[in-house]
Amino acid sequence: MPDLNLNLDWNHVDKSIEIALHEDIGSGDITTSSLIPPKHLSSSVLLAKDNFILAGLPFSERVFKIVDSGIKFKSLAKEGEKIKSGTVIAEITGKTKSLLIGERTALNLLQRLSGIATLTAKYSAAVKGTGARIVDTRKTVPGLRFFDKYAVRAGGGSNHRFGLFDGVLIKDNHIAAVGGVGKAVKIARDRAHHLVKIEVEVKNLREVREALSARADIIMLDNMPAATTKKAVELIRTRNKDALIEASGNINLDNVREIAENGVDLISVGALTHSVQASDISMKFDF
Amino acid sequence: MPDLNLNLDWNHVDKSIEIALHEDIGSGDITTSSLIPPKHLSSSVLLAKDNFILAGLPFSERVFKIVDSGIKFKSLAKEGEKIKSGTVIAEITGKTKSLLIGERTALNLLQRLSGIATLTAKYSAAVKGTGARIVDTRKTVPGLRFFDKYAVRAGGGSNHRFGLFDGVLIKDNHIAAVGGVGKAVKIARDRAHHLVKIEVEVKNLREVREALSARADIIMLDNMPAATTKKAVELIRTRNKDALIEASGNINLDNVREIAENGVDLISVGALTHSVQASDISMKFDF
Amino acid sequence: MPDLNLNLDWNHVDKSIEIALHEDIGSGDITTSSLIPPKHLSSSVLLAKDNFILAGLPFSERVFKIVDSGIKFKSLAKEGEKIKSGTVIAEITGKTKSLLIGERTALNLLQRLSGIATLTAKYSAAVKGTGARIVDTRKTVPGLRFFDKYAVRAGGGSNHRFGLFDGVLIKDNHIAAVGGVGKAVKIARDRAHHLVKIEVEVKNLREVREALSARADIIMLDNMPAATTKKAVELIRTRNKDALIEASGNINLDNVREIAENGVDLISVGALTHSVQASDISMKFDF
Amino acid sequence: MPDLNLNLDWNHVDKSIEIALHEDIGSGDITTSSLIPPKHLSSSVLLAKDNFILAGLPFSERVFKIVDSGIKFKSLAKEGEKIKSGTVIAEITGKTKSLLIGERTALNLLQRLSGIATLTAKYSAAVKGTGARIVDTRKTVPGLRFFDKYAVRAGGGSNHRFGLFDGVLIKDNHIAAVGGVGKAVKIARDRAHHLVKIEVEVKNLREVREALSARADIIMLDNMPAATTKKAVELIRTRNKDALIEASGNINLDNVREIAENGVDLISVGALTHSVQASDISMKFDF
Amino acid sequence: MPDLNLNLDWNHVDKSIEIALHEDIGSGDITTSSLIPPKHLSSSVLLAKDNFILAGLPFSERVFKIVDSGIKFKSLAKEGEKIKSGTVIAEITGKTKSLLIGERTALNLLQRLSGIATLTAKYSAAVKGTGARIVDTRKTVPGLRFFDKYAVRAGGGSNHRFGLFDGVLIKDNHIAAVGGVGKAVKIARDRAHHLVKIEVEVKNLREVREALSARADIIMLDNMPAATTKKAVELIRTRNKDALIEASGNINLDNVREIAENGVDLISVGALTHSVQASDISMKFDF
Amino acid sequence: MPDLNLNLDWNHVDKSIEIALHEDIGSGDITTSSLIPPKHLSSSVLLAKDNFILAGLPFSERVFKIVDSGIKFKSLAKEGEKIKSGTVIAEITGKTKSLLIGERTALNLLQRLSGIATLTAKYSAAVKGTGARIVDTRKTVPGLRFFDKYAVRAGGGSNHRFGLFDGVLIKDNHIAAVGGVGKAVKIARDRAHHLVKIEVEVKNLREVREALSARADIIMLDNMPAATTKKAVELIRTRNKDALIEASGNINLDNVREIAENGVDLISVGALTHSVQASDISMKFDF
């Protein structure tokens, strides 16, 4: 089971959910208002209609609680668990109108997050035993980064930095503006606070050497051919046993194993969050 | 060219963008602060690295303007246009640090929206000449519905209702709670405001007949086999020439043409927005 | 009893109430802070000092709950009920300071909404038996539309569209920009989503005919003399039995019956919400 | 001309207007989006259709500027000016779609505020020459107090305290909780900050005497018969020439002159803001 | 014990606390998430490590409740109480992770407010028996004025006006713009609402006389030498026994007694809130 | 000159300033509204009345621009510059009323931030030449952390982590919950993202050794006596030349040099931000 300890700012999470609910409810649910008696009760379930890795159930619960604190939500599965098609993952009971109003927002979140976890789990499985870890990127959906990165962990992946504020990652454009890999690493180390490591993106072996000389903490091999990757790893391991190596760029399920076997520590995959296949989950009512 | 007239609440759009920017920038971009001289200028381009239908460029421009009103943004392509890999779609110049701070948020939005438009265009092409229109659903990413639905239009699709507030759509759960298709349609017509039509979901020919008797404005054939769909369409056309017919459920690029040829008016496709493949676009700097 | 099923976004309602409370409380109630011991308890009632139709009691309750969740609020009357002067409509008990802090905001809302319901009920009574329904407009107080339109329903009226987003209403300025009633109706039908009907405003019989030819769903007779209204209704009923007819403009309690008897379906009255006489309700304490 | 120096928090005003606009625009103006070409320009005017005292034009201008900063707004009348039916009070030009989107929100505000100013002016005229001033109350529309109180000034009235935070007003319930008028005034003077005066509500001559003994700064005669009012005024003038006298409760245009002639300094009228007749103003387009 | 009756807008207080928490927690507490098991419980205490006057405990409690409503918070001391080093001022038990997340924000608030109360108490003690009161200024930390002014009361001081909105204080720049002390006082009295007094700042005896002639309610002696202060007080007491006298400018613990003995009513001290020494309080865990 | 490259989220800064302005302006500046003619212009200066290190001028400018975009603000000094008493640090011209409304908020921010910079500069001077850097803590004023930490940089100090989200700092309570320094460091390294270093707090030499064995990146010597500090530094330098050493706890201007000379890399000082002496700066008008 992945580590999903949620030490987060729930007030902030609630605000995101309130925005999503308001987007859907707006001036009121005109169908439900017309048809469902205010005190009508229902019991319902969240039902898996496909196989997937579950992620986001605590947030779905939160959606319903925000709509109506009287709703009872009973989780029947754990975050990060492999769910088989046909499994009931939660039971939800309460006022029918409240269930109907929360349904779509809860499912949209749950289906996306489970989709992310499922794809992450595939990548993680593909590199199993190699020592490499799958990490995410900042290519998340605007406004939902917290949720997207959580789902990566639920799928057995690790998080890269959250944003621009919690990690130094020197990219090609920074290097060009400063005038070289080594110079950039040195300036960054001087100026960033002492708790962050310095990661630098390199494109070829010359830049790898420059990064090593400047004692970068993490070296990201960007879009490097397999052979060059192999050489870069050997070079780095020889010269700095503490440095971490990240592979990045054009990684897919077909080539991820080969890259991992080249000995890198981390493989970052933008597709985990930028191209998500929603898991198929529906809400079934039992009147 | 699709109709993309944006008569929208730009203040609200700006707030969504500010949330996305804050998520990424947080307490400050520590890499750029360390490395890029405050007055350093750059020119950059948004470059297509794949073929796609463009959507979201005005919002990307807005991201950069919100970061730094001094940035110049020149669009070189139109919303809904077919973009070939290698095309420069915009030129952006200004302070290097501002460009770097806006880059990821602008791209995340642009890549997702172009991805939606591109998929929508494939569905639209598949039904070309049949008279059927491709429409979206409420299966959008929480907090971004406005953007997602805009992208569907950019891809040549049409929008279904925006949320629970601007259209009556009576689903199976409403019908179960009320006790029948016909009863539900009648109550809804009495209670909803006079400018909205009444759409009802039906599962079989018996329910189609009930919907027709209650004079539903739109009849949604949910997950119906091809043969039943065909019969349902004939039945509806015979009894109410003004009614619209929507097909929904398990629709994909392989079966959408057949469904369209059965004579429905609208085909709703959740995948347009719930399972998006981000278009490949990058920002290149030219120092 | 009117249908007041509240399937709404209570988080959004709460935010409106919090804005109203902050406007009144600001940096603190300096009178109550000086005078009322923090643990002093009171029981109080909401007392009708006039005859009116009640609307807004659930929102008044919400005001007190937001001020102090320990307050007990017991409703003694129903929304939409005819209240006689002297009736106690609710009992409220709790900390005296909390009651005093919530008092004005709760009353301001309740008095306005009951005022709207009362006026609406007069209009509804005036057209009783004619088949015409009284509907509201967008002439509401900025920021309170949800509340104002709710009160119209409590008074036995119906709601027109909520805003610009949930109904197509083609007015004279749209027609002038496009170049004719018929053209406008056709373009709108092509472009709006399929769940909304198309309503068009017409000024004379020529425009009525144009609207009929374009098969508008709803025809609004704007400021038409009684005789013309009558002719327009006949013409419309003859040519399209499904079309709805709305009368609008310069409607008051003196002429509304006559207009209704001309056979229209809907009569929209701006005064319901733009010129409200607050109902007289006060909060009485019993120490 | 009244004194309307606006030294206010425009950021806060803008937020109120943004809430009002979003309430109306929501997910977009579907009529205008369908019909008005994005670059179509119009010139329009705000036209008086009744006689009234103008109030709120700067806020209407702000509405249009927030919708579209490219709109040109030219005021042709001054706040507090008597406007005759048929007068053009402003010229507004710009994109047709922006004008149409701002129209209703701008008018709703302008019509309400002019309505308040007009009613206030009637009350002010009624007491002309008596030395009494007409003041407002906290019976304003939730969320719009700033605007409502501004309009009272535009109509020649004066403002009472803005809210609970900027003036001590000891009412019957405070007195009951504390145990007497005199005691309440003394405690309040001890505890409130030194820049606020102490006003106390009294119901009879005994309480007037108690208020005088406690040296209240302002004495509010609540719902007192004319004869008692006269006696109270004499008593107060004799014993404390600096004290201000306010009359309150059941004041209308028929009795306000008599009350003023009894010699009070201030007459507070809840109806100024709780029961407003919107002034008739419309926006006319000239294509 | 000071009077600290909190008749305030708790929703607004909560929003300030939520901003502070989000500033600290951001995308999540990465140390606690890594190390503390989600269900791990702790008991902890707030421990005084210095002598001080307590202020802010109810807000610290609120911080923990907002982080996790399951936390139990037991106050063991009262606001305004003299606390000796080594005293346990509260017991807090609950999930370890929640305690750790709230710790810093709760302490930052509590230490600042107790620091303000402690300094205020020193000034109050210094003027004991003279009849002068110590009051605060608007020199508070941006965004925390409510809290800062509360702490002044907890320390036995009094509040001056809260902001620009609840008291008229005519300063040198206003006087210069208007053209004289007397003129300024008169205009202000005409235009401000009747519940606020008029305070004016004077620099010399000539201006004192002018203020007296204009019958200012409160006269602030700004930066006056001791001898002049004495003369000014005599002059004012002779000519207007009701006027209040405030001393202001360059006041410190060394000179405050002398100033008080000159007979002023109020002494305003900016340092109370602009130069705060945080009280030393820590949170100790007992596993 | 310190490095103050501001690559920050200006939208977020503006929101903080808007909150501060609203706190002060509230329902309007009643003094200025009464006295200052709306079009009255003034020129003013910000004048140093003490010696200090300047910090916060760009934010003061922002305050005035938010109040009134027509104000001209000309900075005459640089952030981090030593300012002598009597120096004019900025010229500000525009509408008198706007200058008066922005004055207090601008000064409150500027005086606090310059106070922080000044104190930081004293600490930095005290350790000059030792190789140690002065760093801040999370003991900042709630809601203003961004500003407080900026001022530390302006004073020549360095920032520690911003909050709980951008650095792992294992404190005594974490260690107690996990069961030992070494265990805690290892778990944290496994679970935190790869770009953050692991800092651990130690109390004695035994814990130093444990931290070294677990290869902590940074070792914080908490409240250690000088002799122990010296031994700890020797031990750490011998066993891990890459580890950083931070001294923390009970550091003041008297002992900071000695601590620095013991060879630590970083000295964290809570007083920099929790006990600030505001710099004396005033705004002078020249009519």
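By written order: A, B, C, D, E and F. Residues from 1 in each chain.
Here is the rule we go by: a contact is a pair of C-beta atoms (placed from the backbone, for glycine too) under 8 Å apart; a residue touches a chain by one contact, two chains touch by 3 or more.
All of these numbers come straight from a predicted model, not from anything done at the bench.
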Intersection of contact sets, subunit B vs subunit C, gives A, D, E, F
Per mean C-alpha coordinates, the chain lying farthest from subunit A is D
Interface residue overlap between copies subunit D and subunit E, same or different (over half shared)
same
Report which interface contains more C-beta contacts, comparing B-E against A-E.
A-E
How big is the rotation, 0 to 180°, that puts the C-alpha atoms of subunit E on those of subunit F, in steps of 5?
180
Centre distance in Å when subunit B and subunit F are each reduced to the mean of their C-alpha atoms:
45
Centre to centre, by mean C-alpha position, how many angstrom separate subunit A and subunit D?
53
Between subunit A and subunit B, what's the gap in Å when you average each chain's C-alpha atoms?
23
Subunit B: positions in contact with at least two other chains
25-29, 32-34, 36-37, 101, 145-146, 162-163, 165-169, 191, 193, 196
Name the shape of the chain contact graph, picking from line, ring, star, complete and other.
complete
Sort out for me which residues of subunit A touch subunit D in the complex.
26-27
Seen from subunit E, its contact residues with subunit C in the complex are 5-9, 11-12, 145-146, 162-163, 165-166
Enumerate the contact residues on subunit A facing subunit C in the complex.
18, 21-22, 25-29, 32-34, 36-38, 66, 97, 101
Of all residues in subunit F, those that touch subunit E in their complex
16-17, 19-20, 23-37, 40, 42, 96, 100-101, 104-105, 107-109, 111-112, 115, 138-146, 162-174, 176-178, 184, 187-188, 190-193, 196, 270, 274-278, 285, 287
For subunit C, which residues count as touching subunit B in their complex?
3, 135, 158-162, 165-169, 191, 193-197, 199, 217-218, 242, 244, 246, 265-266
